[in-house]
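Note that the chains take the letters A, B, C, D and E in the order they are written out, and that residue 1 is the start of every chain.
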Amino acid sequence: MSTNDMSSIKNSKGTFSTYLGLGLALAGILILLMVPNILTQYYVYLLATVFTTALLASSLNLILGYGGLLHLHHGVFFGVGAYTVAIVMTKTSWPFAAAVLLAPLFAALIALVIGWFCVRLRGLYFGMLTLALGQLVWAIVYRWNALTNGDNGIHAIPVPEFLTSINSVYYTTLLVLIASLVMLYVISKSPFGLTLLATRDNPVRSESVGINVKRHRLIAFVIAGFFAGIAGVLFVLVERSVAPSLLFWNKSAEILIMCLMGGLTVFMGPTLGAGILVLLSMVVGLYTEYWLLVLGLLLLILVLFLPQGILGVLMEIHGKRRSMRGEN
Amino acid sequence: MLDVRDIHTYYGLSHILFGLSLQVSKGEVVCLLGRNGVGKTTTLRSIIGLTPPKSGQIYFKGQEITKTATNRMVKLGLSFVPDNRRIFADLSVRENLEIAAGIKSGAWDLDKVHGLFPVLKRVENRRGGNLSGGEQQMLSIARALLGNPELLILDEPTEGLAPLIVRELEEQILELCSTGISILLAEQNLKSALKLANRCYVLERGQVRFEGTVEELAENEDVRSKYLLV
Amino acid sequence: GSSPVAKKETKPIKVGIVDTYTGGAAVYAKDSLDGFKLAVKEFTDKGGPKIEFVTRDDEFKPDKSTSWAKELVMREQVDFLAGTTNSAGSLAVSQYAKESKVPFIVWGGMSDKITGEAGHRYVFSTLPNTAIIGKAGAVQLSKTSYKKIWLAGSDYEYGHSVINNLWSNLTTLKPDVVKVEESWWRVGETDFTPYINAIRSAKPDVLVVGTGGADMVAFMKAVKATGLIQEIPVWAHTSYDPATLRPLGDQAPEGVMGTNPYLFDYPDTAENKAFVEAFKKEYNREPAAFALYGYLGGKFLGEAIEKAGSTDKEKIIDAMEGLTIDSPVGKATLRKEDHQVAIPMSYGVVAKVNGVFTAKDLHTLSPEEIMPSIDSILKARSK
Amino acid sequence: MLQVEKLRKAFDGFQAIADANLSVPKGEVVAVIGPNGAGKSTLFNLITGHLQADSGHIRFQREEITNLAPYKICHKGMARSFQLINIFSSLTVFENVQTSVLAKHRLDRNYFTPSRKLLIPETLEVLESFGLLDFKDRSCSALSYGDQKVLEIAIALGSKPELLLLDEPTAGMSSEETRKIVNLIKHLSQEKGLTILITEHDMELVFDVAQKIMVLHQGKTIAQGLPEDIRNNKSVQNAYLGEQNDVRR
Amino acid sequence: MDFATIASQFLIGLSRGMIFFIVSAGLTLIFGVLRITNFAHGALYMLGAFIAYSVSTLFGQGPYGFWLALLVAPIAVMLVSLVIERGLLRFIYNRDHLIQMLLTYSLVLIAGDLVKIIWGTEYKSMDIPGVLRGSFNLWGASLPWYNAFLLIIGPVVAFGLWLFLSKTHLGKICRATATDREMVDVLGINSTRVFAMVFALGGWLAGLGGALIAPTTTISMGMDASIIIYAFLIVVIGGLGNIWGALISSIIMGVGEAFGILFIPGIAIIIPYMIAGVLLIVRPSGLLKSAW
């Protein structure tokens, strides 16, 4: 490439990589659409699990990565979403559509309540209060036998006929994931997202340029809760059973690990992290009952050597290359 | 006493000091001058070991201290007062002082420090974090003195202080040198530098551009307008 | 020696075991797995049906149980599923077993829902469930004169289910009993004194406890330390089980009543002795109750395959329904209607005999006495 | 435009502001001076709502704003810069200012329009008037200290305030950069008609730009008036300025 | 409800609070100085219990076993903590909270499986030492001697910590390190040693908690998970990093739970979360001021 075009490339750099990203995404989606024809049933099911988890992790990242809030108990909203579907479908005669609509709304409502208390706090206090209130929700779900069946969970949750085959579940989760990711992406690039970043960087300053930081955070919390609720719906579609362990804090820790593994600063990071973790846990579990040990060691390595996450590192390398090219 | 030879210091990848050298002899007050961001603070941090240089050597009393850990500097006779004061906000003023005392024995103790800065006696039980900027600066210097330094390194001690306090502080610093402590000082304020120092180094982009006595600098209009813009 | 039947080339039956091999509950999964392995070995030694197996760890998380079950069925292509100490996991896997028509032998989950209201053609249970335990306790307590009863237990399915079943059976057997109050502690409670103090102050005639695992041992310790047993009689399932008494050392509270499905030294029969010997030889320890459940699972499966003379899953299920085998505790039957194993249970009290803590006043409750009626189960299922 | 009356604020029993009075007329540059620890920053924090007053009143355009949340006060037309640099460290220079412009237009809760399409001319205009245009796509943490300090003020200007509070805008700056800031302040006050409240230790600067000076000492207003009066006020001299010749220089 | 029951329940709750305090004091201390949220604290506590069991078993669960275990187990855990600090933690001190949390969480995962590998899956139990067995009469109700013993140990530990932090030079250094580590170095104090020491002290406290709880309960895998949430709640309620806050909230938690058990025994499980939720809503940044 001659030095003359350098400047034009520099200018179009943004659009070029956007197109490249878009192209890659489209190719990826096409491949994913063909998966049920290529892979065996089990892997189709596993990918559906990956999609569900990816949505959950991405929704957390809105608060964690963009909002900079140490949200330690995101699994609660996921669990609430899943339980809402389960309870509506087993204890009422309402239609499935109602359950599907109610679940994210109810998850968002719980997020509103928990968030309303939490956004008054900063840093670790925020994290600890999410943990305390989240565990309270867990305790209620665990204890409210009449409604939730306690720790037995709710099983054989009926869903419409067309959603019972693994392939249809696969396509549903895939489509919902893509739609949700697009929405989350749009939000993250909107003024709301930019302002959220500003409140993360410097809440005091944000407040003094006229941003209602608490409300902003609360809204982010509710949005994240909403999408976690959607992930909960997907979970019910995939597994058709729920148990209180979905709302226990170590589930939330797993989601945090996924976000970190993929990279908090990159939009697709959590999705990648979810994919890696779900697949890895399956593969490792085949060979040893010490999966948690392996996970622990993996996390250790990640934290010590790759704290920006896998995608984070890739982006950094990419960025460096680009700036090196640009410098010449 | 202090001999800095050709140091190169980096923050991550960014190269800040480019082969900087300077000397401080015993009993001297040496001043680093230069505009914002020329590397004064970085030089001092390099000496004290907070951002060790990538290449070059630093000798103190003939001993190489280039890679010595920061926490051993006091024992060697080097104390540092950073530019943003760094008071332990959660400790009382008295506790702030107590911590620093006793690391290296010498003439300075609590009483003597209170004699130099009577204010500190009055606010003894207040939380360090609740002091005003000037009070914090005094506490910070007092704390460094309790390390009984042979060389005291001060980073912009007068920054953000009221004129009255600045003058008071300048007097106190002059009093200090009369006790035989050598002082290395970073300043933007030429006036106070001229008042305090024996010799000056003028920095620009991480390099020494002028070196000489205060009188030489006072005469050298050229350097002053070029590097200090006064 | 090899019998002519075994010569026939049959494909081995593959069992996929999902169970909890991590955390506090891992001790049970280990026992039942060893019991199952013993049964498999016995069939192999005498040239019976070939049984292969693979294990997966669900970490006591029900969502992991199902995802492993699915992996085992879809990827590993197992013929049978088994395991899951976690009742919720059992129920979740059972639901999948029904959908995928892969039979599931439960030897870990004790919830009465598994073969009760949530039972179906593809799920079998080779351990006494909470309905049976509760009924056995009720039978034992109905023979006493206690009227004012305090109910307590671990705040989870097992605890609640044992207590509910016990209470409903006891009120039928002995209508004049009254409940003073109930208290529930979290699983993993380390300090039982506040519970015991509260109970003591209410002065019930008897304290009836449904707690299990690690909590059982800790609870018994507290009963001893607080001296509760001197004031108020206590009943707890598995109170005199070696798994409870061994860790307690000389801190076992004498006089605590209880029921128990299996002891390695009771009943003192040849079958039991043989089983204990074989188990000891293999694993260098005495078999605990879950070892028996795993063993029964293996035995029922093997004998059903032989009986069916086929490796066809549906035929094996048919053969399993109502199958009666000889077991270390006597005749064991997988009831035809609900696929729940029927074995006897003992009751007695904790006592110090010749300086060691063990059980005394042991009696046997026959399966007929303690099994929930078929009618009640069919009623629950039709709901 | 701004009235502060009998304001009091204590921290753990220590009276940081004890009876402060101040009035800022529209269109003027008013300076608050006082020794270190006099309570200048605390006063600013009280005015902008970052701290809660114990008693007293703050009125802005005849409206009571005492103890209102900072963002509400900002919406009423007051913006500030901070003594220590306080910018959005991971955003670009452009985004730093855009954030404040968006908030001014109450667009911060727009969820679906890409923000890079919004309010660009307005943001660029602010950047241009501060000479930051060349850096607009740089991450602000890569700026020099002086430029960060300028950006600090630019962010405040992004919300198009009527009253601007500057807390030691030149602390730690070279004299050249200080001169730039002085010119900027004069420009904002004279060309844009902005009302400015400023604290500074640099007396040269204060007497250069201020039309009115308030002297704070141990949390109390000890004098308030025209620069000349302040210069000649005996108690002020004792408390702060020291001998006269020092100031004149 | 008679007075004896209420009084004895109060004391029992207090003794429960003492264990909470010993464990959470270490957690809050580590947080205050190192600014690290140590999820592995529960694992260290579990390790303390297991080591105590092994020590006391080594002595045939005899009368000296317990006392020796009480001495050895905390020290052993302290050494383990030291290894963790030197080997891992010191590389992440200037990372953000999330990274630090996840590092300590990885230790939780690793510790769980390691304990299983070392000690196996069976339940372990350790004897209460002879002199502390049984219970004594208290206005008609009874209080186990062991609980009374905890009632003494708790204040002793609290007092020791107070002496250490406010009266000793080292204690003041700990607090200074809590605010500004680099400056401590500048003053000529080796802050890495302070960090290591504080983490080890925290580990010692966790080990002590584990060793103290061991005789009253079943020593099993998973006992870390049940304590850590309690300890976290207590630390937060008390004010992060504030030892006295941890003491107060431990007592509130212990006594609150005890009375919950007395008056609403059916739903005792949600009491700690209720207490935590209410207190944090009323005083969002903790009962006492955070970090000293």
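Heads up, the rule we're going with is that contacts are C-beta pairs under 8 Å (C-beta built on N, C-alpha and C of every residue); 3 or more make two chains touch, one makes a residue touch a chain.
Bear in mind the structure is a predicted one, so any value in this text is a computation, not a measurement.
In summary, the chains found to touch both chain A and chain C are E.
Counting steps between touching chains, the shortest path from chain C to chain E takes 1. The chain with its CA mean position farthest from that of chain E is D.
Chain centres here are means of the Cα atoms, and by that rule the chain farthest away from chain A is B.
Two chains share more touching C-beta pairs than any other pair, namely C-E. Taking each chain's centre as the mean of its C-alpha atoms, chain B lies 30 Å from chain D. In terms of their C-alpha centroids, the spacing between chain A and chain D amounts to 41 Å. Separating the CA-averaged centres of chain A and chain B is a span of 50 Å.
In chain B, no residue reaches two or more other chains under the touch definition. Of all residues in chain D, none touches 2 or more other chains. In chain C, the residues that touch at least two other chains are 22, 155. Interface note: chains touch in the pairs A-C, A-D, A-E, B-D, B-E, C-E. Those residues of chain C that touch chain A in the shared complex are 21-22, 55-57, 59-63, 66-68, 70-71, 74-75, 87-89, 91-92, 94-95, 98, 111, 113, 118, 155-157, 160. Touching chain A in their complex are the following residues of chain E: 31, 37, 88, 91-92, 95, 97-99, 101-103, 105-110, 112-114, 225, 229, 232-233, 235-236, 240, 267, 269-270, 273-274, 276-277, 280-281, 284-286, 290. For chain A in complex with chain C, the touching residues are 40-43, 45-46, 49, 142-143, 145, 150-153, 155-156, 235, 239-241, 243-246, 282, 285-286, 289, 291-292. Interface of chain A with chain E (complex): residues 64, 70, 72, 117, 120-121, 123-125, 127-129, 131-133, 135-136, 139-140, 142-143, 249-250, 253, 256-257, 260, 264, 290, 292-293, 295-300, 302-304, 307. Taken together, the chain B residues at the contact with chain D in this complex read 35-37, 126-127, 130-135, 137, 156, 159-165, 167, 188, 228-230.
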